[in-house]
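Order of writing sets the labels: A, B, C, D and E. Residues in every chain begin at 1.
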Amino acid sequence: MRLIAEGLSAKRGEDLIFNDISFVLDASEALVVTGPNGSGKSTLLRVLAGLLRPERGHVKLEGGPPEIAHPSEVSHYLGHRNAMKRELTVAENLSFWQRFMGNSPGGAGVGIADAVEAVGLPDIAHLPFGYLSAGQQRRMAMAKLLVSHRPIWILDEPTAALDAGADRLFAELVKAHLEKGGIVIAATHQPLGLNRTRELHMKGFEHLAGDHWHDA
Amino acid sequence: MSENSLAIRKFSDLANPTRFLALADRLLPWLSGLTALFFAVGLWLSFTTEGDYQQGETVRIMYVHVPAAWLSMMCYSVMALAALGTLVWRHPLADVSSRAAAPIGACFTFLALVTGSLWGKPMWGTWWVWDARLTSVFVLFLMYLGLMALNRALDDPARSSKVSAILVLVGFVNIPIIKFSVEWWNTLHQPASVMRLDGPTIDPEFLRPLIVMAIAFTLLFFTLHVAAMRNEILRRRVTALRRLAARSAGREARAK
Amino acid sequence: MMALFFRDLKLSIRAGGGAMIGVLFFMTVVAVIPFGVGPDLNLLSRIGPAILWIGALLASLLGLDRLFQAERDDGSLDLMLMQETPLLFTVFVKCAAHWASTGLPLVIASPLLGLFMNMSEIAIGATMLTLLVGTPAITFIGAVGAAVAVSLPRGGLLVSILVLPLAIPVLIFGVSAVYAAIEDPAPFLPPLMILTAITLFFAVIGPVAAAAALRHASD
Amino acid sequence: MMALFFRDLKLSIRAGGGAMIGVLFFMTVVAVIPFGVGPDLNLLSRIGPAILWIGALLASLLGLDRLFQAERDDGSLDLMLMQETPLLFTVFVKCAAHWASTGLPLVIASPLLGLFMNMSEIAIGATMLTLLVGTPAITFIGAVGAAVAVSLPRGGLLVSILVLPLAIPVLIFGVSAVYAAIEDPAPFLPPLMILTAITLFFAVIGPVAAAAALRHASD
Amino acid sequence: MRLIAEGLSAKRGEDLIFNDISFVLDASEALVVTGPNGSGKSTLLRVLAGLLRPERGHVKLEGGPPEIAHPSEVSHYLGHRNAMKRELTVAENLSFWQRFMGNSPGGAGVGIADAVEAVGLPDIAHLPFGYLSAGQQRRMAMAKLLVSHRPIWILDEPTAALDAGADRLFAELVKAHLEKGGIVIAATHQPLGLNRTRELHMKGFEHLAGDHWHDA
C-alpha cells in the first residue's frame, strides 16, 4: 500500500498557502511535516484528510482496499481539537467512535480497556472527558486511534500538552503502527523520537496571491 | 515549473471576470438606453389607453404591478440558475451573479407587494389579506432578505458561495407555490390570465401596454444586474488587493 | 449509525435538556394565547389545532442551530466527514436523534395541551397524528439551515429565518388536515397524505442539501 | 464596560445583519401565523399582541443559553471572573447587549408587525410599550439560566425548568396589559406598573444570581 | 511586591489534587511548575488565579496596590484556551481586552500594533482570529499579555503549538517582564529558555489522600 500526493496546492480564504507539493509514502513509512507557525502544516494535513479540497493536484492510495473513493476513508485524523464530548465519559466517547468508525479492511482495533491501558491511563476511563487534564485529554484522543483500525494516521501536533513520559509512549505507539505496515503523517514542532522518518519542511509561501480577482 | 504553471492558471482564472468587465462596459450603455426607451413607450401606452369599465383608472396599476411580480419570480429563477452554475460548473461568476441578484429581486418583490396592496385597497377594500398568493410573495420577499443577511454573515466569498447556493436551490420550492397558489387555494387574487398555456384571456387593449412594460422591466432587471455584478467583482478585487498590500507590507516590515 | 443515534440522545439528555425547553416553550405558547382570544371557549377550541401547530413549529426551532455547530466546535465534524459511510446517513441519523429528543416530546405533550384548549377528542387525535407525521419535516428542513449556519458564531435567529419560510407548507397542510378531520364534509386523508409526502420529500432533500453544505463549509 | 457591550453587539452582528436579522426574524414569525389560524383578520388582530410577545420570548430563548457558555468555551469567562470590576456589572452589561440585539429590534419593528396583523393604533402603541418595558425581564431571567447552565455541566434540564416558568408571568402581565389597553373597562396602568416592577426586580436579582452561579461555575 | 502562597491544597471533584504547597515569589522572580500530566499544574495555577477556591491555605500579595482583594486582580491568566473570539479580528479582540482589563497601578500596556509586532505577526492583525493557525493564535493570546499591564503573569503551557522562533521570542517577553519587576508563574512540559528561575515539581497525588471514602 502506498500513499501518493501529486502537485498539491491549497488555498485558505483567497491566499495560496502552499504550491505543488508531491510525495510518495510506502507502507510502514512515516512523514514528519515541520515548519514555522502559519507555514501550512495543518492545511496540508487537512488536504490529505480530504477535509479541504486542494486547488490543484490530488491524493491517491495504491494497493489499498479497492472500493474506497479517497484515502481519507482509511485514515485517522487527529487535529488540534480532540473530537470528544466533554459531557460523556471517556469510555462512552471511545466506544462511540469505535462503533461509528468501524475497522478498515486488513485489521481490527483493540478494545476500549486495552486502548486506555496503552496510553497509560487505565484508571480514569469512567470520568467525564471534560474532567481530564489537558494532557490526559490528548492521551485519550490518541486512544481513539487504537480502538478502530485505520492504516493511515494523520496527526496534527500529537504531542502538544504531553509530558515526557507520554512522548515516549506515543513514539512507541507510532513505531508499533509502522511495524504493522501502517503509514503515519505527523505535523510537529518537537522531535517525535522516531528514527528513520522522511521529513517535509514547509517554508511557508508567504501567501502569493492565487485568486482570480486580481488583474494580471 | 511550479511558478509558471501557477501563472498560467492565474491567467485562465482571471480571464472570466476581466472579460466580463470589458463586456459589461460595452453592454451597459445599450441596455440602459433600451430600458429608457421601452419605459417611455410603455408609460405612454399605459396612460393613453382608457381605463377599465369597472376598475376605472386603478387598472393602470396593473402595468406596474404585474411586471414587477413576474420579475420578482424571474429574478429568483436567475439566482437558482446561478446557484446551479456555482455548484455544478464552479464558475467564479455564478456566485457573483446570484449575490448581485438578491437585492434587485428584493426590490422588485417589494414593488409588487406595494403596488399590489395599493391596488387591493380599491379592489378588495383592504390593503392586505393573508391569502396564499399574497403571503407566498411576502415569503419570497423574506427569503430574499434572508439570503442577503446570510451573504453578509458569511463574508468570505470563497467559503460562502457554495453554501448559500445550496440554500437558494432549496428555497426554489417557493416559486411554484407562488405561481400556482391561485389555482391550489381559493384566493381573492385572480388567476393567471396572460401566462397561460391556452393563450392570454385578457383584452388586447390592456395586453399591449402590459407586454411593453414587461419588456421594459426585464431590460431594467438585466441592466441593474450587470451593473451590480460589475460592482461586486470590483469590490472583491479591491479587498484582495488590500489584503495583499497588508501582507506584503508586513513582509517588508519583517525583512528589515 | 445506531451508535450516533444513541450518543446524540444521551447528549441531549445530559447536556442540552433541549426536550424540556421545547415542551415548556410549547406550553407557554398555549398558555398565553387564551389571553389573546379571551374567555370565548369555542373560538379557543376552533383555533386550538392551529395554535398547537404553531407552537410545535416554533418550539422545534429551539436548539436547532447547534445541531452541527457543537460537532464542529470540538472537531467531531471532521471525523464524520471523513468516514466511508455517506455523510447523507450521518445527517439523517442526527436529524432522527434530534427529532426524537425535541419533536417527539412535543407530540406526546400535545393531547394534554389540547385539553387545555378544550378541543374535541377527535381534534386532539388528529392534531397528534398530524404532528407525529409533520414535525420530522421541520427537523429535516432545519438541518439544512443548521448546516448552512455551521460556521456562524450565533446562528440562532438566522437559522430560524432560513427555516421558517420553507416550513410553511408543512404548517398549512398539517393544520388543514386537522380541520378536515373536524369538519365532516372535508376528507381527512388527502391532506394527511400530502403532509406525509412533504415529510418524505424533505427527508430526502434535507439531508442531501445539508450534507452538501457541510462538505463545502468544512475548511 | 462599554467595550464589552459593543463587543457583544458586534458578535451578534457578525452572526449576520444584527438588528436587521432581529426584525427579519419577527417578520418571519408573524408571516407564519396566518397560515395556521387562517386569514381571518379580526382574529389575527386579537391574538396579535400575544403572538408578538411569544415571538419575543422565542427570540430571547434562541440565543440566550449560549450567553455564558460561549465565553466559557473559549476561556474568556476566566478573565472576566478575575477582574477588579464586580462580576455583577459584567453580567448586567452582557444582558443589556443581548437585549439590544434581540429585544430592541422587536420593539422597533412591532408597529410594522402590528400593521400586518391589522391591530388598532392603540393596541400597537400598548404592545410596543409593554414590550419595551417587559422584554428586558426575559433577558435577565434567561441570564440566570445561562449562568446555571455553565456551572452545572448537566444542568440543561434545570435551566429550562428555571427560565420558562419565571418568564411566563412576564408574558401574561405583558399581554394582559395590552388587552387592558384595548378593552376600555379594564385599566391599563396597573398591569403595566406590575410589569415594570417585575422587570426592575429581575434587573437586580438576575445579575446577582447569575454572578453567584458563575463564581461557583469556575473550576 | 511579593506573592505569598501558604499551605495551599485543592480538590477536583472529590479528590485532593495537591496538598500543602507554599512558596514566596519576590518581584522579578519566576516560578516554573513542572510535573507529569494530571499532576495538578493547571489546578494550582487556577487556584493562584482565584478561579478555584483552595481547600486549605491562601494566596496573598504584599507590597502591591492596597485596594485589591485578591492577587488575581493584578494578574494575567493565560490558560489552555486563548480567550479570543474566532469571529472578531485579532485587532478587535485585543482592543476589547485592553479596554476591558485596563491597567494595574504602576504600569501601562503597549498599543495593539506594538503588541502584535512584539509577537512577530504585525501583518495579520486584521484577520478574524479564527483564520489564524494554532501557533499564530497562541502568539496573539500572548500579545494579550502586553496590551494591558499586570505585574503578575500566570501562564499555563504558554509555548504549546509554538515553533522554535516563537519560543525564543516568548522567552524574551518574559525576561523583559521580569526586568520590569514583574512576577511570572508558568506551568510547562518543555524548558522555557529562562535562566535563574525557581522550579516547583508536582509529583501528582494519585488521588489517595483526602478521599473520605477510602479509609475503611
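The rule is simple: a contact is a pair of C-beta atoms (placed from the backbone, for glycine too) under 8 Å apart; a residue touches a chain by one contact, two chains touch by 3 or more.
Please read all numbers here as calculations on a predicted model, not as lab measurements.
Q: Relative to subunit B, which chain has the most distant C-alpha mean position?
A: E
Q: Of all the other chains, whose mean CA position lies farthest from subunit C?
A: That would be chain E.
Q: Note the rotational component of the Cα superposition from subunit C to subunit D, reported as an angle of 0 to 180 degrees in steps of 5.
A: 175
Q: Busiest chain-chain interface by contact pairs, anyone?
A: C-D
Q: Distance-wise, how many Å sit between the C-alpha centres of subunit A and subunit B, to the nearest whole number?
A: 46
Q: Can you check how far apart subunit B and subunit D are, centre to centre, with Cα atoms defining each centre and the answer in Å?
A: Averaging C-alpha atoms per chain gives centres 36 Å apart.
Q: Report, in whole Å, the distance between the mean C-alpha point of subunit B and the mean C-alpha point of subunit C.
A: That gives a centre separation of 32 Å.
Q: Show the residues in subunit E shared as contacts by 2 or more other chains, in ascending order.
A: 12, 80, 85-87, 121
Q: Of all residues in subunit B, which are in touch with two or more distinct other chains?
A: 139, 142, 146, 149-150, 153, 159, 247, 251, in rising order.
Q: Subunit C: which residues touch two or more other chains?
A: 14-15, 73, 152-153, 158, 161, 165, 168, 219
Q: Which of the residues in subunit A end up touching subunit E in this complex?
A: Contact set of subunit A toward subunit E: 12-13, 35-38, 41-42, 80, 121, 131-136, 139, 157, 160-166, 189-190.
Q: Within the complex, which stretch of subunit D touches subunit C?
A: Those residues of subunit D that touch subunit C are 11-12, 14-17, 21-22, 24-25, 28-29, 31-33, 35-38, 43, 46-51, 53-54, 57-59, 61-63, 65-66, 70, 73, 102, 153-161, 163-165, 167-168, 171-172, 175-176, 179.
Q: Using the touch definition from the top, list the residues of subunit C that touch subunit B in their complex.
A: For subunit C paired with subunit B, touching residues are 144-145, 147-149, 151-152, 158, 161-162, 165-166, 168-169, 205, 209, 212-213, 216-217, 219.
Q: Residue numbers of subunit B touching subunit A in their complex, please.
A: Residues 1-2, 5-6, 9-11, 13-14, 16-18, 92, 156, 158-159, 233, 236-237, 239-241, 243-244, 247, 251.
Q: Residue numbers of subunit C touching subunit A in their complex, please.
A: Result: residues 1-4, 7, 10-11, 14-15, 73-76, 78-84, 218-219 of subunit C touch subunit A.
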